[in-house]
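Next come two complexes, and both contain subunit A; in the first it sits with subunit B, in the second with subunit C.
On to the complex of A and B.
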C-alpha cells in the first residue's frame, strides 16, 4: 500500500473511530482500525461487533492499493502529535512507514483476514434527513435514556419512521423526551428500532458535507446510516419499549412560559444547596413569579425568584434538579412552556412545535402523609 | 428418684415438636394425607396465618368410623404394615405420626365419609384428649381442621410470627405440593380471601406460570433424561433468568419435595461458568426413581431423603441440565462468541444479558481498570508491550527481516508520549488520592496511607444517613412515569404485604396488582437507577435473610441495609476525582465509617511507621 493523505482529516476520522475500538488488551483484533487504500479514497473502519463505522477520506494520490489493520492507539497518537499537513504511508509485509515533515514512524500492522469488517449501508428502502436535524434530535433525547443498571429496553432511544415523520423517544422511567421531525421518505417505508447510546453518539458525529443529508435505514436487528463521507451500522436493542404515548400529558392545568436561559440559571443556583443523596429542589409557581428553593441540613438553604406572567392559583412541586438541568441544557429554543397538573403527576415541558419533555416529580415519601 | 414412663400424651408433645413446628407444618401434613387418599381437589382454609385455624377439605377416599377412631392414635397408619414396606414407600405419609402430633398441640377435628357409606363420622382431639366418634353428615371425602395451634404450649405459641409471615411459609408449602401434583386442583383461602385457586391441569407449565409469572414460564427450557431405574425431567431457566438466592430450585423425588445436597450440587455444577457471581439458577426437577432405591425415612419432616446411589443421581441431573443448556445454546462456546446479540426482553420483565456476557464485561472492566492504573501510576516499562519498533539494542528486530535497518530517525518514535485518553490527570498539588482497580481508593493521610473499599464506605455512610433521616421523615420518592408491575411468588408477595409500611418509609410507593403482583409507583430517590423487577426481588431476598430474627424493627433494619447496598457505588465502578473527593468529605463529616453495616471494614490503614519498617528504614 502506498498513499499520501491529509493529516487533519485522517486524524478526525480516527478520533471518531476511537469511541468504537476495544481498549487495548480486551479484544486485541478489534483494538485495530482497518485501513484500506482504494483508487479514489482511503477508507478507515472500526467495529466492536455491536456497532461499526466506515469513514472515507479523499486522497491526493493512491500509489498502490492495499488493506491492513493498524493499532488505533498508536496510529491516532501519531496523527495527533505530528505537525506535517500531509502524511505519506507506505506498507509492505505488514510494516507501515509513516512519513511527514522530518518525522518517520514505523508501525507493525496485522493482516485483515480474521477481522470482521463493517458491512456497508447496503440496499433497501431508506429515508433521508438533514444531518444537523438528526444530531439535534439525538441531543434532545439521548440524555433521558436509562443507564447501564436500568431496564434493558430503556437503554436506548426508540426511533420510528412512518410516512414523512421521524420520531425519537428516550426515557429512563422517570422522565421522557420526545422529538419529531420531517424526513424524505421516497419509498414510504415504516420502520422502528431501539438504538443504543453509543450508536446514537456516532450517528450524531458521522462526518459529512455541511448541510448534507444522512440516509437512515432500520432493519430487523440493525440500524444503518450513511453520509457522503461515512457509513455506520449497529445492533438494535431488542425489547419492548413502553407505551409512552399515554404518559405524555395532553395539556396541563397550569401553563407558564419561561425563558430557558434564566430558568436554567435558577435551577443551577438552587442545586448548589441540595444534599448529595437526595438532591431535591422545590419549584413553586405563584402569580407573577416562580420560586426555586432548596435546603440541606448540613449546608443551609437557597431561594431564587424568577418573574413570569402567570396569574392563577399557586402550585408547588419537588424535582431532582439534575433532571431539569439536563433538559434545559438540551433545548435550543429561547422559551419553554411548563405545564403542571398537580404535585404528584408528570409535568410537560414543551419547546417549539416538535419537542416535549415529561418529568415526574419527587414526593416527600409515600410513608409520610398516609 | 423414680423412673417413670412418659405418658403417651407427653411423648406426643415432644414428637410434635419435630413434625409440627408452625401452622405450615399442619398444612403440609393434612394436605399430604389428602393426596395419599387420592384427592382430586384440595381446599385449604386459614385464619390468622393458620395459628387460629387450618382446615383442609378433600374429595379423597375418606375413612370409615372405625378408621376414624384410630386416626389420632400414635403409629396408626394404613400405609405400611411391615417394616419391609418402609423400603418401598409410595405414599407421602407412612409413620402414622402426623395426626396424633397435630391433635396433641391443637384442638383438632376430623370428619370423613367414604363414598359407599350413607353417613360420615367425626372425631375430635384437643390437646391429646380424644372424643368418641360421632355420626355426622358430610359429602364424601375428609375434612380435617386444627384450631388454636399450640394453645396448650404457650412457649411455642409465642414463637409464632406475624400472620403474613406464617402465611408466607404456608404458601411456600402449598407451592411445593401443588407443583408436585398438577392434576389436583388447589384452593387456598386466608381470612376469607382467596390466595390461590389452581385448576387441575394436565401439564405443569400452567402451574409454574401461575406461581412464578411469565418471566419464568416463557423462558423455560425442558429437560428430560429417561433411564431404567430413574427418570429425570423438568424445566430449567437460562442463565440471566436467575435469582439472588437458591430458593427457586425445586426438586421432587417421586412426587415429594426434597432438599438434597447432591442435587443442589449437581445443579450448581451444570451451570458452572455460566452464572454471574452470587446468582443462582432457577430449576424445576422431577425425579422418578424406583422406591427401593431411595430411603424416605431419614428426617422428621421427610424433607431429606437418602439415595442408594447418590453419584448416579448427581451425574444424571448434571448431564440432563448441561445437555439442555447446550442444546439451547447457553453453553460457554456460544456465550463466548463475540457477536453479542442482545437477549429478548418482555414487556415489564427484564431479562438480563446471558451471564457469559456479564462475566466477560466484568473481566473487561477489571482489565481496563488494571490497565488504566498501570498506565497512569507505574513506570513505563510495565505498560503493554510496545508496538513500535524501538531502537533495538542489537540490529533489527528479528520478526521484520525485510525492513531496512533502523536509522537514527526512528528514535523519535520512542519519544512520543502516548497519553491514555481515559487517564484522569490529577494536578500535582491536588488532593492526594486515586482509585485502583475501579474499586478501591488509595488516600494519603498525615501519618500513612488509607486503602478504602469504595462500596463498603459508601454503603456505610448511606446506612447511617438513611437511619438518621428516617428519624425525622420518610425518604423522598421518585415517581415513575409508567408504574412498574412486578410479578412475585406468593411468598414474596406476602412478605411485601407484611412490610408495606417499612417499604413506604423508605420511599417506595406500592400497590397490590392482582393476586401476586405489585405495582411500584415510586421508588427511593436515593437509588440513582431503578432497575425494576429484578432489583426489587433482590431487595426482598436480602430482607428474607433477616426472617430468622422476628421483630419488625430488625427486618426494617435489614431493609435499610439492603437499600444502602443498592444505593452505594459498586466495586468496579470508575469514580471521577470530584466523586471521590465528595465521598471522602462525607466520611469526614460522618460519625461512623470504619465498618459497613454488614460488619466488614471499610478502610485499611497503613502507618508511615509500618512503611518504614517494611523498607527497613530507621525513621
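On to the complex of A and C.
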C-alpha cells in the first residue's frame, strides 16, 4: 500500500473512530482501525461489533492499493502529534512507514483476514434528513435516556419515521424528550427502532458536506446512516418502548413563558446548595415572579428570583435540578413555555413547535415507604 | 415521650466462647491475651464470682481463678455475632447507635405503632437474641439514653428493667452518684465533701452552689440526677444499610434454589426498608462458596427504592451476569445501602401503579406483622424454604 493523505482530515476521522474502537486489552483485533487505499480514496473503518463506521477521505494520489489493520491508539497519536500537512504511508509485509516533514515512523500492523468489516449502507428504502437537523434532534433527546442502571429498552432513543415525519423520543422513566421534524421520504417508508447512545453520538458526528443530507434506514435489527463522507451501521436495542404518548400532558393548568438562559442560570444557582443525597429544589410560580429555593442541612440555603409575566394562582413544585439543567442546556430557542398541572404530576416544557420535554417532580411525601 | 432501649450483651466474648465450646459452659472462662502482660478482655459470670473482671492483668486473673479456661480473642467471630444482633435491632428501628460490639442504644419511638410499646419491643429483642444466637442480653427500657443504660445494668446478667417517668425517681434515689454520666473519681470526691453520696442527695441542691464547686458541669449533673436526658440516638454511618443473609444447612447445588432464596431475602429487606421509612440506591449481592471464597457484586439503582419489584430484577441480574456460574453455594445474602428517606422522585410511567405498589408493600408488611411472615408470599416462593429459616419452620427440607 502506498498513498499520500492530508493529515488533518485523517486525524479528524481517527478521532471519530476513537469512540468505537475497543480499549486495548479487551478485544485486541478491534482496537485496530481498518485502513484501505482504493483508487479514489482512503477508507478508514472501526467497529465494536455493535456499531461501526466507515469514513472516506479523498486523496490526491494512491500509489498502490491495499488494506491493513493499524492500531488505533498509536495511529491517532501520530496523526495528532506530527506537524506536516501531508503524510505519506507505505505498507509492506504488515509494516507501515509513515513519513511527513522530518518525521518517520514505522508501525507494526495486522492483516485484515479475521476482522469483521463494517457493512455499508446497502440498498432499500431510506429517508433523507439535513445533517444538522438530525444532530439537533439527537441533542434534544439523547440526554434524557436511561443510563446503564436503567431499564434496557430505555437506554436508547426511539426513532420513528412515518410519511414526511421523523420523531425521536428519549426517556429514563422520570423525564421524556420528544422532538419532531420533516424528512424526505421518497418511498413513503415507515420504520422504527430504539437507537443506543453510542450510535446516536456517532450519527451526530458523522462527517459530511456542509448543509448536506444524511440518508437513514432502520432495518429489522440495525440502523444504517450515510453521508457523502461516511457510513454507519449499528445494532438496535430490542425491547418494548413504553407507551409515551399518554404521559405527555395535553395542556397545563398554569402556563408561564420563561427566558431559557435566565431560567438555566437560576436553576444552576439553586443547585449549588442541593446535594446528591437530597437533590430537591423548589420552584414556585407567583404572580410576576418565579422563585427558586434550595435547602440542605449540610450546606445552607439559596433563594433566587426571576421576574416573569404571570398573573395566575401560586403553585410550587420540587425538582431534581439536574433534570432541569439538562433540558435547558439542550434547548436552542430563547423562550420555553413551562406548563404545570399540580405538584404531583408531570410538567411540560415546550420550545419551538416541535419540541416538548416532560418532567416528573419530586414528591414531598417523606417518611414511610411510598 | 421517647422510647429508648439499651441492649448490653452479658459477658459477650466469654459467652460466645462458651456457645462455641459447649464443654466450657458452666465453667469460668476468661478471654484475653495469653502473654505475660496481657489483660482480661472478658470474663464469664462463673469467673466473675472469683473476682475476675475485664481490664484486670491476666496474671492476677490466673491467681484468682487458676482452674478457669483461658482463651484468646476470636474477634472475627464476635463481629459476626454482633452483626447478627444488629440485624435484629434494625428489624425494629433504623435508629441504632452501637457503642461497641456488645452494646447499643435503640430509639424505638417511631416503631411504637408497629410493634407495640417500648417494653414489648425490648422483650421481643431480648427473646430473639436468645433464640437466634443463644446468647443472653440485659435490656433497659426508658424514656432516655441515660436511664436506659442505667436500667440495663441494674439486674445483669439476663436483666430486663423498665424505667418510666413515674418510677424513675424511686430508682435513682438510692443509687451512688458515681452512676451519673460524667461523675468520675474527682467529681465523686468533690461531691462527697459536700455530703452528696446518693443521687437523691442532689435533688433540690442549689445549682449556683454546685456550679462553684463543679463548674459548668453542674447543670447537666442535676438534670441527669432527676432522670432527664435529651441526647439523641445517633445511628452510625456504617449502619446506613440493611441486609439479610443465610448460611444454608446443606450447600445449595441448584442456582434456581439460590435465586429463590435471594428473592426471599430481598422481600425481607424490602419489608424492613418499608417499616423503617428508608429507601436504598445501592444493591449488593453476596455469595459464599463451600471453600469460604466470598464474592460480592454491587449495582446502583436509578432512584432509591424500598420495593422488591425494583430491587429484585437488579439483584437477579447481578447473580446471573456478574458472578461465575458456580455451585454449590454455602451462603447467599443481599444488602441495600446508600439509604435515604424524605422526598422522592416520581416516575413518569404508571405513577398510579407506583402508588399502588407502594401501598401493597405497606399492607403486606402489616399483614406479615400481624399474622406472621408466611401469611403472604410471592407465587415463586410457595414451594419450600431454605436456610436457617427452613430449620426453624420445616426441618431443613429443600424443594
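Just so we're on the same page, the second predicted complex is superposed on the first by the 365 of 370 C-alpha atoms of A that agree within 3 Å, B and C clash if a C-alpha of one lies under 4 Å from a C-alpha of the other, contacts with A are read in each partner's own complex, and residues count from 1 in each chain.
Here, contacts are C-beta pairs under 8 Å (C-beta built on N, C-alpha and C of every residue); 3 or more make two chains touch, one makes a residue touch a chain.
Worth saying up front: this structure is predicted, and the values here are computed from it rather than measured.
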Where does A:356 make contact in the superposed view: on subunit B (first), on subunit C (second), on both, or on neither? neither
So, does A:320 touch the first partner subunit B, the second partner subunit C, both, or neither? both
Applying the touch criterion given at the start, work out whether A:346 contacts subunit B, subunit C, both or neither, answering first, second, both or neither. both
Under the stated touch criterion, which partner chain does A:140 make contact with: subunit B (first), subunit C (second), both, or neither? neither
Once chain A of both complexes is superposed, is A:247 in touch with subunit B (first), subunit C (second), both, or neither? both
Which partner does A:175 reach: the first (subunit B), the second (subunit C), both, or neither? both
Specify the partner with more touching residues on subunit A, choosing between subunit B and subunit C. B
According to the stated criteria, A:149 is in contact with first (subunit B), second (subunit C), both, or neither; which is it? both
Could you look at A:77 and tell me whether it touches subunit B, subunit C, both or neither (first, second, both, neither)? first
Looking at the overlay, does A:280 come into contact with subunit B only (first), subunit C only (second), both, or neither? both
Considering only the contact definition stated at the top, list the common interface residues of subunit A for subunit B and subunit C. 146-147, 149-150, 171-176, 242-243, 247, 277-278, 280, 318, 320, 344, 346, 358, 360-368, 370
Listed in rising order, subunit B residues that touch subunit A in their complex are 338-347, 350-353, 364, 367-368, 371, 384, 387-389, 399-400, 402-403, 406, 409-410, 412-413, 416, 418-419, 421, 462, 465, 469, 473-482, 484, 501, 504-510, 521-522, 525-526, 528-532, 535, 567, 582, 586, 589
Touch list for subunit A against partner subunit B, complex: 18, 23-27, 49-50, 71, 73-74, 77-78, 81, 92-93, 95, 102-108, 146-153, 171-176, 221, 235-240, 242-244, 247, 276-278, 280, 298, 318, 320, 344, 346, 358, 360-368, 370
Within the complex, subunit A is touched by subunit C residues 273-274, 277, 299-303, 306-307, 314, 340-349, 351, 354-355, 357-359, 361-362
The answer for subunit A against subunit C in the complex is residues 146-147, 149-150, 171-176, 242-243, 247, 277-278, 280, 318, 320, 344-346, 358, 360-370
